[in-house]
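Only one structure is covered here, and it is reproduced in the block below.
Chain IDs A, B, C, D, E and F follow the sequence of writing; residue 1 opens each chain.
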Amino acid sequence: MPAHYVVRSVDRADPEVIAALRAAGVAATHEAAGRTGLLGPAVQPRQHGRAIAGSAITVSCHPGDNLMIHAAVEVCLPGDVLVVTTTSPSTDGMFGDLLATSLIARGVVGLVIDAGVRDIAALHVLGFPVWSRAVHAQGTVKASPGSVNVPVIAAGQLVRPGDIVVADDDGVLALPASTGRAVVDAAAQRLDSEQAKREKLADGTLGVDLYDLRPLLADLGVRYVDRLPQDGEA
Amino acid sequence: MPAHYVVRSVDRADPEVIAALRAAGVAATHEAAGRTGLLGPAVQPRQHGRAIAGSAITVSCHPGDNLMIHAAVEVCLPGDVLVVTTTSPSTDGMFGDLLATSLIARGVVGLVIDAGVRDIAALHVLGFPVWSRAVHAQGTVKASPGSVNVPVIAAGQLVRPGDIVVADDDGVLALPASTGRAVVDAAAQRLDSEQAKREKLADGTLGVDLYDLRPLLADLGVRYVDRLPQDGEA
Amino acid sequence: MPAHYVVRSVDRADPEVIAALRAAGVAATHEAAGRTGLLGPAVQPRQHGRAIAGSAITVSCHPGDNLMIHAAVEVCLPGDVLVVTTTSPSTDGMFGDLLATSLIARGVVGLVIDAGVRDIAALHVLGFPVWSRAVHAQGTVKASPGSVNVPVIAAGQLVRPGDIVVADDDGVLALPASTGRAVVDAAAQRLDSEQAKREKLADGTLGVDLYDLRPLLADLGVRYVDRLPQDGEA
Amino acid sequence: MPAHYVVRSVDRADPEVIAALRAAGVAATHEAAGRTGLLGPAVQPRQHGRAIAGSAITVSCHPGDNLMIHAAVEVCLPGDVLVVTTTSPSTDGMFGDLLATSLIARGVVGLVIDAGVRDIAALHVLGFPVWSRAVHAQGTVKASPGSVNVPVIAAGQLVRPGDIVVADDDGVLALPASTGRAVVDAAAQRLDSEQAKREKLADGTLGVDLYDLRPLLADLGVRYVDRLPQDGEA
Amino acid sequence: MPAHYVVRSVDRADPEVIAALRAAGVAATHEAAGRTGLLGPAVQPRQHGRAIAGSAITVSCHPGDNLMIHAAVEVCLPGDVLVVTTTSPSTDGMFGDLLATSLIARGVVGLVIDAGVRDIAALHVLGFPVWSRAVHAQGTVKASPGSVNVPVIAAGQLVRPGDIVVADDDGVLALPASTGRAVVDAAAQRLDSEQAKREKLADGTLGVDLYDLRPLLADLGVRYVDRLPQDGEA
Amino acid sequence: MPAHYVVRSVDRADPEVIAALRAAGVAATHEAAGRTGLLGPAVQPRQHGRAIAGSAITVSCHPGDNLMIHAAVEVCLPGDVLVVTTTSPSTDGMFGDLLATSLIARGVVGLVIDAGVRDIAALHVLGFPVWSRAVHAQGTVKASPGSVNVPVIAAGQLVRPGDIVVADDDGVLALPASTGRAVVDAAAQRLDSEQAKREKLADGTLGVDLYDLRPLLADLGVRYVDRLPQDGEA
């Protein structure tokens, strides 16, 4: 029999680190973190233009059952992000405006769920941002146990309690709180470097020159021609 | 050989019932109807913030053929919702702005289609709401027979002619007209009860207390701990 | 070993033809072109209400590798559309705001990519329209060769360098530049004819009469009945 | 709240009719039934070369919960086929060798399940044929109510208790018991007619002649040419 | 309006070339052809252990309509492979034992179809090999025009009439007849080289040594360690 | 920049434990392990009737690149199972008969790969069992770094180096070596208990009685009726 826990204590990252990564955004943080931590593209934003970051409170539910989301609310603190998964794939609408109301009251800044949500119109009115696999009104039960604040896998990515979760229009990323400070620094460097490149590219400099790719293209045997050879096809 | 019919007569639900369910929305109606009637999440709104309800005029088409949609227009009355399926899966754009223009002239309030639509920009200008499986410009023919106002299955859900169809940002639901009045009452009760709960949750009451879930969690063997036991993993 | 080329020269269509097809839009152009040239619905607009047309600069990349997109920028001219594919399916974010900045500097009017994009929020700010299979922040390398301006298959559709690419809310279409003028004429005729039909349909004329479909329905054995026969089911 | 029933009584079709449809097979029965009743291709045989037919005992389960399969065994009679669905999509392994052992003891001839099965190797040893959406070892609970012998939708097809279910290497079909005799006759006619055609086709007669399709091809504007016109593309 | 053709004449490759590529198999031919020509993995063998090669007779059908397969039989010659696509995605069973009987009478060696087949058990008895996207008994009509022997796209790959099609347990490949001889030579070289490597690998030589990959791994910064550094994660 | 490692040392489980879990099989081991460790159903056996267990050597590759599989061979020992993933989804054929030959020479007992394989016919001849997401001949490069023996996620499941991997016709499971002994005991108990149940079920005892489910069904409000109430629908 599986053992089920609600773990009350979570080590959270420094709020300044979290704020810095929210500002950096998912793509830059993903690069700064050595291209790790990204959830798959099936979990999508259900609104436009929202960007959040916070500490992960993780929830593992039985499919079609949102009991453990209710159990998780209590251990959330202001600034947290709720990350919900199911033990097998589900698109059921396990989260809606009542749970959002409850999370808002706790100061939770958003939801990442590898399953479905409902009450989309109300969530927009509440201003509560959600990243989910599906939108579906399908109701769920409260009958089977699960866990809160254990490591979970959401959209193919391991998320541990206390991980820094960053989410915006590009998707969702989770990284260990312990690496946060280093990633902030790397992201800042990257954003600086990108800004310099952006200005050059905007002025018409080509990427093949800016990144010095011409020797690589030659090494790889890429030939520049005016017309495609008749016998050579891609 | 399959027999093909255009059935002219449809028993429609009381307009007050329909209006009440549009106001209740898909999620509450689904709950009030005993969690029945919901179409799968693959049929999605192609606009934001629109909510409709009406009596189903059903159409069964051959894939890649919209002949029977044309045949269906004639039997539509003001307030109806057109529900279109194909006899095998299709994403072709079998519906566009001309058909929308024709349906608007008949007073039809929206389209639910387990296939594709096109002319999306024009549909937005016309203000005609659509729930579909796909957006695709792929043209269709008018060559094969089908039926109008027979029971169909759309996105995994049985829809009968005259069913009350409710559609909003959460998806689409169909329920028998005969159950409409009872569902209106159940939905009203549910919405009242939800409003009371919403206020408590907004004030910080926890769902585990509001719904009295602590005994259930204990019965199910969920243990509250400060740290995850080393040998116990989710 | 595969041969890899960057082909510098592309025969582009007449700008007037391109402008006319942008105005006609994807659905009408698809019909005018004999229902050819349409990409599959998996490549979707990542913004609302944008319509573009231009000459295709095609790129074939190794999955997870955007080297050849960088190589392609140089051969782009104002008014071109970049069309990117991978040699096997990929959702990686091979295109972001830096590449968009570079393409804008070259006068490229948009991107069609059978893979992923990232920096969605920045692309919106830049006003650079994108049609893609996915939004994902997943980073890519610059390590494997590919080709620029060879025939590619994007979303199940052959796209040749210099093809006229039309893209709007309905999806993406590519057609040979040589057929452009004829398609413009056919599209104009179609749009005229549709406008006449639209007015009649708006006045309540039925499509079954406008298109003279009643004899066909009768030929196909479709029967009009008031009630569905008990033994006859769809 | 949904109401849940175990319906004990089911009207079963004549065993001779059932035997005749098993012999006719899924494809011929589907044609004889007016091309109705076919489940979608996602539910696939998990063995080769088995063909069954029987009366449907239907089961509607909560996802991840096989309680109602256990409840259904009692109402099965020799010759029945168990048809299992879930109220939302699931691939969990809700059926394995213990349930198969129990069904074999009841004389049930096979399982059709729009979800997952496990113990595949043991099912092969037992000789119990299964058509399922998935093979997955994922365990399920026994915690949520559902129903036995109510109409269900499996793989996009309505299945009513007592329907004649036919399953073989081509998939699964369900049709109302009341139509069985007529379908048997139509299938016999079809098989006779097919045998005559088979012999002619084997002798080299072309289908376009046998079915007299040349006038239709001409009517539809299909032109026979020796070489594809340069400007005419598919 | 689309133009539809049945093209009677197809330039076929040398039978010796075809035989050599059948012997080489799909994987080796794909490599020898510069990693071009491979159909996507969704088109799968419907039997085990069969390997064929032949000249492509291509068919483009309307979805749900097999009229043009019938029209194609006449232009097939012994040794040909029929390659069937639909103008939009379809899983309908447009091919079964009667068409197989007809093709066998013409000497056709197999079918590649980006859609569904049925009568699977009978096809096995006939020994007619099939590669398809689906197995489904869903019947089709004969009502809409299409073309025979025009370029088509099957499973994301361009196939031209007369292309050499190779198919085995690894999937399906098409390559221009004109490149056949060169590919045969390259495949023979590759198979020789592979045999030499196979013997060394069987003797325990490591691929990193055989292919001299250690310098590359070092260049790419891959570090060999006994234990994973605590702060360094993949 | 991501750091890349080949970790040479892996703590392997006791061979007796591994052998016992191979005998228990995936489904029983999954239950005995508290329903943890199961890979998703998309990774499927590519043969019938094979059952393996061994210690996981994990590989993380760039998509379309099998360099790190070559690097992994060296660290494999007899009895190991190679577990390969890619950093983003891929179906490319990154593994074939040469790599299988090399692994067989090392004593590796099988491959689990969340991507594609090729040379299927040769793998069968070699008797080397494979569980994969796809079969595809698509060739890959050796150009990008990755890691060996770091934690990876395969088909939605975390796999750590040294995990006990069990694979059979039901799929694939991974569990920490440290829990192996306890799981063996639990599996033995379960198999004993199942055997007792199997005998009773074979004798006609019903599961609802054997598992004492009648009170639960009553508690859940499931009603036994002879006929479905007219107003009560599922």
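Criterion: contacts are C-beta pairs under 8 Å (C-beta built on N, C-alpha and C of every residue); 3 or more make two chains touch, one makes a residue touch a chain.
Everything quoted here is computed from the prediction, not taken from an experiment.
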What is the graph distance from chain B to chain D, where chains are linked when they touch?
-> 1
Self-contact between copies chain D and chain F, residue sets same or different by half = different
Chain pair, A-F or B-E, that carries the greater number of C-beta contacts = B-E
CA centroids of chain A and chain B: separation to the nearest Å works out as 29
Whole-Å gap separating chain C and chain D, where each centre is the average of the chain's CA atoms | 39
Expected list for chain F, residues touching two or more other chains, is 1-3, 35-36, 40, 87, 89, 91, 136, 138, 144, 151, 233-234
Write out the stretch or stretches of chain B touching chain C in their complex.
-> 1-9, 60, 67-68, 70-71, 73-74, 91, 93, 96-99, 101-102, 104-106, 116, 118-121, 124, 134-139, 142, 144-147, 149-152
Please give the residue numbers of chain F that touch chain C in the complex, ascending.
-> 62-65, 87-92, 136, 138, 141, 143-144
Interfacial residue positions of chain A with respect to chain C in the complex | 25-27, 30-31, 35, 38, 40-41, 44, 49, 51, 168-171, 173, 194, 197-198, 201-204, 206-208, 211, 213, 216-217, 220-229, 232-234
Could you please specify the touching residues of chain A with respect to chain F in the complex?
-> 1-3, 34-36, 40, 87, 89, 151, 153, 156-158
